[in-house]
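Two complexes, one shared chain (subunit A), two partners (subunit B, subunit C).
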Partner chain A sequence: MSVLIPRPAPHGGRLEERVVHDRELGKKLAKGCAASFDIRATLDENGVPVRNVYREIMSICYGFFSPVEGSMKKAEVERILKERRLLNEWVFPYPLVFDITEEELKDLGVTVGDRLLLRLKGKPFAILDIDEIWRIDDPEDLAHRTFGTPEANPEVVNEPFNAKMPGWVIYKNLSPVVLAGKYRIINEPTFLPPFDKFWYPPLKSRAEYDRRGWRTVINHQTRNVPHVGHEFLMKDAAYTGDLEPCHGIQVNAIIGVKRPGDYPDEAIIEGHAAVNEGGYIKPERHIVTFTLWDMRYGNPLESMLHGIIRQNMGCTHHMFGRDHAAVGEYYDMYATQTLWSKGIPSYGFPDAITEVPYGLHIRPQNMREFWYCPVCNEIAYSECCGHTKEKQKFSGSFVRGMVAEGLFPPKVIFRPEVYKVIVKWWKHFDYPFCNPKYVKEKEQRLEVDLPDMDI
Partner chain B sequence: MSVLIPRPAPHGGRLEERVVHDRELGKKLAKGCAASFDIRATLDENGVPVRNVYREIMSICYGFFSPVEGSMKKAEVERILKERRLLNEWVFPYPLVFDITEEELKDLGVTVGDRLLLRLKGKPFAILDIDEIWRIDDPEDLAHRTFGTPEANPEVVNEPFNAKMPGWVIYKNLSPVVLAGKYRIINEPTFLPPFDKFWYPPLKSRAEYDRRGWRTVINHQTRNVPHVGHEFLMKDAAYTGDLEPCHGIQVNAIIGVKRPGDYPDEAIIEGHAAVNEGGYIKPERHIVTFTLWDMRYGNPLESMLHGIIRQNMGCTHHMFGRDHAAVGEYYDMYATQTLWSKGIPSYGFPDAITEVPYGLHIRPQNMREFWYCPVCNEIAYSECCGHTKEKQKFSGSFVRGMVAEGLFPPKVIFRPEVYKVIVKWWKHFDYPFCNPKYVKEKEQRLEVDLPDMDI
Partner chain C sequence: MAKSIAVLLDDKRLAKVKGTDLEAKVDVMFGGQLSCFILEIDDDHAKDVMDAFHTARVDSRGFITDVPIAFNRVLFEEIAKAKSLGTKAIDGVLGRVEEIKDLAAKESEYLPCPEF
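Presenting the complex of A and B:
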């Protein structure tokens, strides 16, 4: 019997790395393109940006989504919707496509076999080798099938998805023509500060954990500035491991399109860094990273993608709390934990996602709730603390409300170092949370700049 | 891949249960005895009790020490001293023998093949079927070989063992004649309060964990009234598990001969119960149990026995801290963790004790230190908290000193409910810690009474 938990291989057996580092080769590939397309945001009915495909291209080409190689063919999307598996058998939750309008297709004039140059912020960025061109006949149907329905997925879906669910809105607003094929980045973007310091694509994160001697690493998913409850979730979940607690705690922020009321991405990522800079989790055991992705909020489905990303990054464990990557009441509160503990047959998994063939190899740490307990005098865990009468719960929404009112939160809610980060970006953006102006400007600015590349 | 950690089978494959529940059969077996012997304490050179073999008989017959069946033959003791294995291959750390003087042997007049009746507190208690009679030629040599030496065990032994080491004193003061053979309890003792409430021999504990739905259970070793640092060790180590934190936390107190300065056993066991009665770890997740054993303080060797006991009791995990079951500076501070993480070749284990053939199947949770951190404002873990300048350490010895001075300890050190238990037994015994009077009286009182049994 070995008690040691091995670092899992990348999902699909090996890491995708679809980035051309040789600039001359990049130029040559760009020159061979039949046409060129300026990447644009996906907009909702009101013209608000809800997604930018550049983030998918980045995450695919840097290996976060291994073994996905590009924009999916129709048969692959159909298999995902039915079985949540790629054509190569490996589990995967969501369709990922490069979608354009009929007018755009006409203007481009490309056909199967052509290579398309994709420009970002006006610069050459990536290429797409078109293997298939297919149509999304009914994007609303695609949106429904992507997330499910209470009838089809009674184990975990409570309410029909609708226009208040950001992931559903993304699929609903896809353009009808899909150019399917593999991506390659031919002109590496550079990250804007503060993101540049936190960029650890899988090859780099795995090397970093070797360098640090981290045999076991647990991931913390975030899209929040961490309050003390988040810090305790991180610290306490990390006591799992094999013969000792996990060596490392990886924070992986999902950075992408924002909704009004979210914390700005800059505050999220620097807020997490403040946790280790302040010594609450020492830097030797803590690393802050991010992945570019416009969250789909698919709770168990999202957790599957999160597992794939973090397994690819070299984590052995992933903590999952209540309402993981969820919005509203669409899903059962513990739907993600159900996927990881016993499976969700209606999504194609009669057993836990770690136990099915071609499944995941990162291990879940399914956590319940934390609250402040004045009797224990600490942030207590619901499965430990017996003071259910005295407990004081504070949700992220409650904390956001307090911040919005301009109240300086007590230390038991925010570490002062973390709160300073909120204030810093509050001053920078004039408001502590994303407003429509931030959302719009961010989708023009994005997280990157691109070097010039003459072709 | 299955991430689920199975409850390990008992050590040696099955539980020993050597207790005759049928009183008529018990009487019949007692009547067939060739002679009768009144169990007495082992005394040191000053006449102070240092061990009572009745505790070994209890732990063997109720299955805590499975697969050990009785007092060991010479060949088995020799194999243990060389390889730390029983003759049936299973790992085991210590010689366990029924020892008497030459005079006692003469008085008894027994020979190999005889059945000996063992009396406790004047009542029939157990029988010993004598398979072999052998001599301990040099008890000091036995004591040295039992624990090792800096020369023979350079990986973990720093200083030669001597008369300040209680385990060494036990072996040094054994009587020279060993009656080897299997025990059976023929008249079940009843536990004195407060022990009666906490008696969970392996068959009962395993059934209890089934009843509670505890698939994963982590053990906490204790011979202390728990201060808040112990409580955090328990709570935090228990976040390990498989797909979620351990379902149950088993406290297993080693109850036996006391040293002056120890907390009374009554305070230890009720102090742990106060942790769940006070709701700091809710009773649904916490159980207090004990095992009768005169601690040998053999650090890694002791941890091996602790692993055997708790595996037999049905635990999946065992937490090990610094200086596990140690006294003085004889052993390396992390010798136990070495045994469980990579093995100690000089004791016969070139690999971790869970990885060797016929080894253990309970899993270690090797923990570092806890301290109070005024910046984090909590009992912090050394591998997490970066405030090494601000930290405030409090050892068990420091806490004992404060209690001895009559200072009411702050809540950050003792939960009030736990401290009340100390005070309760302090009033009962006139002193918060064991004094020579307590030690002597306890070894007459023991932890049990026996029913009358006419034979």
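Presenting the complex of A and C:
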């Protein structure tokens, strides 16, 4: 019996890589398009951006969401809503669609069989081969069915989703016409600083693990600037592995629209880099990466997507805490851990997501919480430390409040190097957190630029 | 059940209470690395605070959090004025709700960046 854990195969068996690297071929493909469409943000009812489909196209085409190849057909969306599976059987949590209005469809004049050129920031970006055109009859119903209801999913859903839940708002505000078909990027974007240093799509991340000699890698999901509690979560969760602790600790930040009060993406990614630059986790064992995705905050469903992304990147393990990728109290706080430990039958999983056919192979490391214990005088793990009365928790809102008041946080909460990153981007944006102004400007700027491509 | 509110104290705020009776009430968190006042708030006052500020919530520790930054600033002023962590300070804050709301409206667009 080997105790060594091998790197898992990509979800679906092979990595999708739907990027045309040959620019001449890219031009040729663009020239053959029946029409072109300028990608725009999905807006909420107040006109604030909540999603940009370009992020989904990037994540699909660079293989983060393998085996998904494009915008989904109606039958595929229905299967996902019922069983959380693609038509090829592999598990997948969310509908992903390219949606436009009836007016836009009329203006484009495209039909099934046509190739559509998708432009981003005014430049050719990708193509969509239209296999099906279908309608979302009731976006609110789609939003409810995407996340579940207390009646249909009583194991994990506590209360009905509503306009305070960002993922629900995304689906509720989709346009009614879906152009379904495969995407291909024909003009590779270049990332703007600071994102350019952290772009490791699955083919590259797997090669990077090889270069570093990492067989086992544990992933830390983040949408936060790391406080010291996060740092200890990463360090301690990484003691799992096989014969020895995990060789690598990967941070994979979700970059995209976030809710007010979250930190700006630029601070999140550089804040994590500051952890290894400061030597708190040595750079040889730590890598900071990101995935483009407008978070749905779907707790167990989001954790499934996270598992898919990180398995595709080549990770062997994934840490999950309580309230994983959650907002509010819609879900049970341990819903994600339930999915990964025993399954959620109402979502289609009578067993753990790693035990069902066509499931995931990345291994979950379900963690409880870390707090500061003044008796132990250290950052302590809740399942070790017996001083539950004396504990001092790293409450996110407490930490955000301290930052907002402009108080220099003690080293036991934020490493000085990390806090300086928060201040750097605070000066840049005149604000320490995401607010509507940041979100609107970010959606103009995006994370990428595109080279000129004359067609 | 009564709730709590923590008012964090930086060097400037600590200097303002130095030499007063409040100095003895300074609490410490995180192994003495962070100073604060911790106010106990009875249910009625806690409800008034929660009703006045829609972002406010009670966290898992039983602390009222996510109040506007201006709330914390005004609360410190009222504590310093009352020289007490008692009900008088929170009454003072509730008497200035409109002022806090005006200041809070600007907080979503701009917060002054600290200089270190």
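Keep in mind that, in the parts below, the second predicted complex is superposed on the first by the 455 of 455 C-alpha atoms of A that agree within 3 Å, B and C clash if a C-alpha of one lies under 4 Å from a C-alpha of the other, contacts with A are read in each partner's own complex, and residues count from 1 in each chain.
The criterion applied here is as follows: a contact is a pair of C-beta atoms (placed from the backbone, for glycine too) under 8 Å apart; a residue touches a chain by one contact, two chains touch by 3 or more.
Worth saying up front: this structure is predicted, and the values here are computed from it rather than measured.
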Partner chain(s) touched by A:N377 [first = subunit B, second = subunit C, both, neither]: both
Partner chain in contact with A:Q221 - subunit B first, subunit C second, else both or neither: neither
First, second, both or neither for A:T289, with subunit B first and subunit C second: neither
First, second, both or neither for A:S205, with subunit B first and subunit C second: neither
Touching partner for A:W426 - first (subunit B), second (subunit C), both, neither: second
Subunit B versus subunit C as contact partner of A:K411, first or second or both or neither: both
Most subunit A residues touched (candidates subunit B, subunit C): B
Touched partner set for A:S395, first subunit B, second subunit C, both or neither: second
First (subunit B), second (subunit C), both or neither touched by A:Q250: neither
Which of subunit B and subunit C A:Y239 touches, first, second, both or neither: first
Residues of subunit A that lie at the interface with subunit B and also at the interface with subunit C: 377, 411-412
Residue ranges of subunit A in contact with subunit C within the complex: 260, 372, 374, 377, 392-393, 395, 397-398, 401-402, 404-413, 423, 426-427, 430-432, 435-437
For the subunit C and subunit A complex, residues of the former touching the latter: 6, 8, 10, 29-31, 33-34, 57, 59-61, 63, 65-67, 69, 72-73, 107-114, 116
Residues on subunit B engaged by subunit A in the complex (per definition of touch): 1-3, 235-245, 276, 278-283, 285, 337, 340-341, 352, 354-355, 359, 361, 363-367, 375-379, 381, 383-387, 411-412
